Structures are given as structure tokens and as C-alpha cells.
Amino acid sequence: MDADLVPRLEALYKQVAAPFVQSLGLRIVSVEKDVSVMALPVMPHLVHGGGVLCGQAMLATADIAMVLGLAAWFGGFRPMTTVQLQTTFLRPVPADTAEVTVTCRILRCGKTLAFGEIDMTLPDGKLVAQSTTTYALL
Amino acid sequence: MDADLVPRLEALYKQVAAPFVQSLGLRIVSVEKDVSVMALPVMPHLVHGGGVLCGQAMLATADIAMVLGLAAWFGGFRPMTTVQLQTTFLRPVPADTAEVTVTCRILRCGKTLAFGEIDMTLPDGKLVAQSTTTYALL
Amino acid sequence: MDADLVPRLEALYKQVAAPFVQSLGLRIVSVEKDVSVMALPVMPHLVHGGGVLCGQAMLATADIAMVLGLAAWFGGFRPMTTVQLQTTFLRPVPADTAEVTVTCRILRCGKTLAFGEIDMTLPDGKLVAQSTTTYALL
Amino acid sequence: MDADLVPRLEALYKQVAAPFVQSLGLRIVSVEKDVSVMALPVMPHLVHGGGVLCGQAMLATADIAMVLGLAAWFGGFRPMTTVQLQTTFLRPVPADTAEVTVTCRILRCGKTLAFGEIDMTLPDGKLVAQSTTTYALL
């Protein structure tokens, strides 16, 4: 991997993502061609009245994680669009959790379609949400 | 329906949803027991670098729409959790679109599980995104 | 619609579908460009030990229904492949049900991707399963 | 694991699954509490006119694999029903493939809901289909 891929993905996140998505405060942890790891900090504005991380933040995170994961795969940004995103929620994330670890794996990247899987885990490794997604490469 | 169900759902949205989700600025348009209609204004902070409404805003909207749609079904808030949300994106939403219409239909509401469908359409009626979702009633 | 589209879809089902899928015994009920209706007879070999129509028959039906629905859209067979199929099961189908009605709607058909929705209902109109699906046109 | 769990799952497959599903000819390869491996032989009646394993056989396999995987988890059959199954198809399976390997992982098993993931791979290890599923325990 390019030594500067992490800062380039960080720049991409700040320049291309909508401000709504930037407000998630995602941090790029590590990047390989087919596996990118990010961290989602459980900030107060992401917590709902029930005292847990809102599912909407996880949905938005899954989608932007795949955009960044595909940028890692291609070594830079490429125009693309989400075709489909399926997310299953397995456990709540307590509000006092520091970060959720977001692992995006590129399962296949063809000429026109790319397939990925995004796992979100608690600090103890327990799976809280799992997404599978399809992207169209433009 | 109770005449005051629209203001009660609006209050619920402001009190229970995470600030991240409140920033979507959803408006409740009409409410029946099994069909709730909302409007998502295409505000600048929801638009990404490609000049269209970001998919993440639509994902977050689909999820909160079902929470509100189930509150309409039950005549008030009930604790629940998203089990699964699948969204397909059919068309981009140009940044100069005023609003996306969000229609949430409760397909079935049993003792422990509820099923819904959320359609998002452009002002000309074209479908831009469709979600199906399962909720666990607590 | 061509007057002979129903027999042509029936021929397609018998010639192109795998024998495993032909064993579902699907009947074409009516065909329009964007909505095709089929009937799935609840035959004994489709019923599992719990005394209800097996979900696997409904999954297989949803997938072939979209193939036939797209053939109706195009006025004939076109090579394609399933990208993704999501199915939610809302109610069991008792073994003594005569038929499940299968309604396939083409939600969008672009140059490379097609999107559809398949509803399955009991004779009393109750929804038993709902699928959303994405196909790649080859 | 009980030494006799493989034959017990085989018996379950033959006694509880619908004949339609038995016709898939699934073979139990190995069983652990949370990971069950099966093999789907690519038999002629599962191949469609395009000369590849039909997706419908993979959909049906994913669903029965989770039933068997949950029986492995519980050490025996338990009544349950599929809530939702999402499958993504990544590559075609050529008709001359001997077997598809089906790996079912139980991601979480709670009191009322169970979550699983089913991967299908070619003999060379390439992923051909991936499913995520939710079951309701009765």
C-alpha cells in the first residue's frame, strides 16, 4: 500500500462526504487493499433517547466505509454509487462505549459492480452490526 | 387517527431521535395507522461532493421513518429496536430537489416483530430508494 | 402486450429454468410490461415437516419470478444474472392453501441494472413474503 | 460436539426438510457449535439453460443451511422460522464444478432471534454467494 493512503482517505472523507456524514467523525485506522479499518467514536449527538448509539449512525457509517474501502482498493477515489445496502443489527452499543471498530472487506470488485461486507464490533470484539453492500462503478 | 398525532410524532422525533438524526429536518406530512408520509428536505449538508443527496441521509431517514410509522401504528412511542434494514437505491436525487417524499407502510405488526416498507420518491413521483425493514418490539 | 406473451413466458420457464425450479410448478396468470402475476401451487413436495410451505420454495419463486417479469418487460428473454435478493417472511403459508399469488413489479430497468419487487399473498390477500431484488443485464 | 451430531443433522435434513429441499442433495461435512460446513453437489437438475448452477438452488441452500446450523448450535432441532434472508451473488458457478462448499456461521443466538451468515465458495476458495439471515426462535 502507498504509505500515504491513510491521509489520502482522510482527505477524501473530508472533501467528498456530505457534512452530515463528516459529522460521524470517522477515523481511518488502517488500510490494506481489500480490508480497511475505521473507528466510529460514540459521540453524544449520535446517541438516541434510549441511551445507545443510534442505528442511523451505523447505517451511514457502513455506506461511507465502503466508499473509503473502494478508494483503498483502487488507490484513490473513483466515482461510484451505492446499489444496495443490507444491515443487520445484533446488539445495542452502550453510550459509554469509546469507539465502534468498523471493518470493511471488499469481497469482489469487477468491472461494473463491487461487493463488500462491513462488520462493526465493540472493544471486546463482539459483533454489533453487519452490512453487505453492492456498488456500481461509474 | 387522533387529531394530534402529527404534532405528537413531531415531538417524538425531536425528543427521542439522536441529534444526528434530527439534523435531517424531517417533516411529518400525514399519518394514518399503517401509512405515514414524511418529507426530507434536500439541504446542503446532506449533499455530497458529487452534487446529489447522500445515500447516508436516505438510509438514516428510512430507519427513523419506521420508528415514527410504528409510533403512528401504536398511537404513541413504544420501545423497539431495528433488526434489519435493506435499502436499494434506484436513482440519484439532484441537489436542487426541494424534498424527497418518504412513505412508510407497516406491512405487518405482530407481538414481537414488525415489518415495514419505506419508499422515497421525487416530486415527479419517481422512486429513488426503497427499503424493507424488520423491527423487534421490546 | 403481445397476445402471446403468456405462452412465451411459459415456454421460457420450461426451457430455461433448471428442473429444480420447474418443479415449483409456477403458472403464469397475467402479464403487463411492468407487472407480472404468477401462481405457486402449494404442492406436497414443497411442504416441510412443520406443515407449512417451505420458505425455500418462496425464495426460488421470487428469483424466477423476476426473470420472467424482466422477460415480460423486454418482450422476450434477455441474458441476465441475479445480483442480490432480499426476502422477508411475514406469515406462514398453511399446507392446505391452494395457491400463493406471486406479483412481480419492475421498479426500474436501466441499461445495466434492473430492480424489482415480488409480493406473495394468500388467497385472502394477506402478504406472506416480500422480496426486493437487483439484476444485472448482460 | 457430540460425536453423532453429523448423522443427526443428516437425519434432520431427511425428515424435516421439504422434498423440494432434500432434492438439493446437501451433504454435512463438519459441524461445530457455531460453524457448520456443508457441500452442495452441482447436479444436472440444478443447472439452468445458461449452463451454470441456478441461483434458486443457492437461495434454498442458504436457508436450509441456517436451519441445520442452528440445530448444531442447540444440539438438536428447535422450531424456528426464517424472518429474513438476503443473498448477494458474486460469481457464476460453472456446471462442471463438483461441489459448492457452504459454510454457515451463527453470528448471534439470543432468546428470540438468531443471526447467521452463509458463505458459498468454489473448490478454489472463491466466494460465489453470501447470505445473511435472521431467524425467529419459536
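Chains here go by letter, A, B, C and D, matching the order in which they are written, and residues are numbered from 1 within each.
In this text, contacts are C-beta pairs under 8 Å (C-beta built on N, C-alpha and C of every residue); 3 or more make two chains touch, one makes a residue touch a chain.
Quantities reported herein were computed from a predicted structural model and do not represent experimental measurements.
Participant: Farthest chain from subunit B, going by the mean of C-alpha atoms per chain?
Facilitator: D
Participant: Let me have the rounded angstrom distance from the C-alpha centre of subunit A over to the C-alpha centre of subunit C, please.
Facilitator: Chain centroid spacing, subunit A to subunit C, equals 34 Å.
Participant: Would you kindly tell me how far, in whole Å, the mean C-alpha position of subunit B lies from that of subunit A?
Facilitator: Their C-alpha centroids are separated by 22 Å.
Participant: Please compute the C-alpha centroid of subunit B, do the same for subunit C, then give the distance between them in whole Å.
Facilitator: That pair's centroid distance is 28 Å.
Participant: Which parts of subunit B, given as residue numbers and ranges, touch two or more other chains?
Facilitator: As it turns out, subunit B has residues touching two or more other chains at 83-84, 86, 88, 134.
Participant: Indicate which of the five shapes (line, ring, star, complete, other) describes how the chains touch one another.
Facilitator: complete
Participant: Which part of subunit B faces subunit A closely enough to touch in the complex?
Facilitator: Against subunit A, subunit B makes touches at 15-21, 23-24, 44-50, 54-57, 59-60, 63-64, 79, 81-89, 92.
Participant: Contact residues on subunit A for subunit C in the complex?
Facilitator: 83-84, 86, 112-113, 134, 136
Participant: In their shared complex, at which residues does subunit D touch subunit A?
Facilitator: Against subunit A, the touching part of subunit D is residues 86, 88, 90-91, 107-108, 115, 117, 127, 130, 132, 134.
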